[in-house]
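Attaching a single structure in structure tokens format; questions to follow.
As written, the chain order gives the labels A, B and C, with residue 1 at the start of each chain.
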């Protein structure tokens, strides 16, 4: 599914972060986003996912414009953020059941996916007791179950051990074969060069 | 100040000053609408137009809020804040002139009259509005929250008014504004309208000045 | 919330011991003071789970109508406040020595509608103050004046019910409660989208 951003503008505390920013992605394309702290990498992903409002401009996913009043476009994407973004008082399994329910995928085989990401032993543990690496694996499990056409991955390898990184890379290869559109944010330019089609460097306004 | 460097603004200020002076002169020299109240009765000529202006400004806060939420233009947020600030100043005047007029008119400082009570409740909501502006979080979110509170406050007005009006039926026995107008003598009516128009000129000057200050602050 | 409601009831009972006959006159108002204060406690906690660790992002980025989330919050807040009311109503009547010779069905309706009206505007205010620094203070400051028609109408309904007046004499106040519930419920549904965006 293609993604198009046209003349996007956004300010924080009256300082511009984006000024007439445009981006066009074809279906199945993988883009790496890099840049210094405060250049707007996470902000861009949040705006595309609908978490954050835009000041002006347009974001289009497939045939639909992203609009906070329209939930439909959000069906096709998943935002894997670097904040927790889960309910700390629920278990891993409960969080997955909740989120997959929101996307209408109530009959998903959550247990099998948790085995795949090696979280089956911790699925009944409360998320507030998860380590950073375990949280990333849980979010990866969510992305696998939801199977969206567009994936917004914000520093997905943070906190992962060597096995975790290999697992993530293998899943990205699978997604690539399925022609999923991906935006990946990372500070590791070498990794981005190897795992994406092109890199966009954001600069501070 | 750069606002008063512009000719149009100077003219506006001059007109506002002239109208206010005439207003005060007439209030002091006109015969009180109710002779028994003495000079305090003339507060009626200030209290009523000030109340009308305050409610009109709060209506403008609601309209600015709706326009800000739909158009996402910061101009409407600045205007909404300016309307709220000036409106609250006028509402404070309503709440001070009200009891000053009420004591000689009805023997008590606070009669729980529907309009005065509605004014008090709106004033309290807008004090909360300013606290939200100050402590509500990051400016972009706070602008949206303030717009919602501004709409909520004015949406509440008819319900507050109706509730208070039928709450204490015995409170309805106090003189209504209409009783002051004697069809044989139209002067009080004309003066009330004049007073309201002059207050509109003064309040619009205050709003334009405040909006200008907010724009300059944002530009810096 | 039940314990808080019970504590306030105790304070009222102690404060009015010098004039026990006055309690019957003021009981409807006292009841709604207790309910309002108890609601504030519940509303303070309403979005506490979402505040932790940005848990809100799980549904703001999901394909769900955010207005529906507001409605679900209103329903859950209404449920919890009503449950605590049911628990402290009986001690309220016992400690204040109030007679209970009225229609329980009508009383339940008044409690439901009055609490619903408070919670419909309260959920909106709770969402607005989600990121605020002084949210514990801001919620009652914004809620109490906004909910004043509810306080008046609910007290009038309860007073008429305790005095065993026919429904036709107080149906106006019932209408005020219902109107408040509907108007602010709809308003909250429409603007909740704008409130939860970052």
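One rule holds in what follows: contacts are C-beta pairs under 8 Å (C-beta built on N, C-alpha and C of every residue); 3 or more make two chains touch, one makes a residue touch a chain.
In this text, all values refer to a predicted model and were calculated from it rather than measured experimentally.
Visitor: Tell me, please, which chain's centre (mean of its C-alpha atoms) is farthest from the centre of subunit A?
Guide: Chain B.
Visitor: Which chain has its C-alpha centre closest to the mean of all protein C-alpha atoms shown?
Guide: C
Visitor: A-B or A-C: which has the larger count of contacting C-beta pairs?
Guide: A-C
Visitor: Would you mind pulling out the distance in Å between where the CA atoms of subunit B average out and where those of subunit C do?
Guide: That pair's centroid distance is 31 Å.
Visitor: Could you state the distance in Å from the CA-based centre of subunit A to that of subunit B?
Guide: Subunit A and subunit B have C-alpha centres separated by 49 Å.
Visitor: Indicate the whole-number Å distance between the mean C-alpha point of subunit A and the mean C-alpha point of subunit C.
Guide: 39
Visitor: Would you please write down the residue numbers of subunit C that are in contact with two or more other chains?
Guide: 194, 197-198
Visitor: For subunit B, what residues touch not just one other chain but two or more?
Guide: Subunit B, residues with two or more chain partners: 138.
Visitor: Mark out which residues of subunit A touch at least two other chains, giving numbers and ranges.
Guide: 53
Visitor: Considering the complex alone, what residue numbers of subunit C touch subunit A?
Guide: For subunit C paired with subunit A, touching residues are 49, 52-55, 57-66, 193-194, 197-198.
Visitor: If you look only at subunit A, which of its residues touch subunit B in the complex?
Guide: Against subunit B, subunit A makes touches at 11-14, 53, 55-56.
Visitor: Which part of subunit A faces subunit C closely enough to touch in the complex?
Guide: Per the touch definition, subunit A meets subunit C at residues 46, 49-53, 68-69, 71-75, 77-79, 81, 83-89, 95, 98-99, 102-104, 128.
Visitor: State the interface residues of subunit C toward subunit B in the complex, per the touch definition above.
Guide: 121, 124, 128-134, 137-138, 141-142, 144-146, 148-149, 152-153, 156, 172-173, 176, 179-180, 183-184, 187, 191, 194-195, 197-198
Visitor: For subunit B, which residues count as touching subunit A in their complex?
Guide: 72, 138-140, 218
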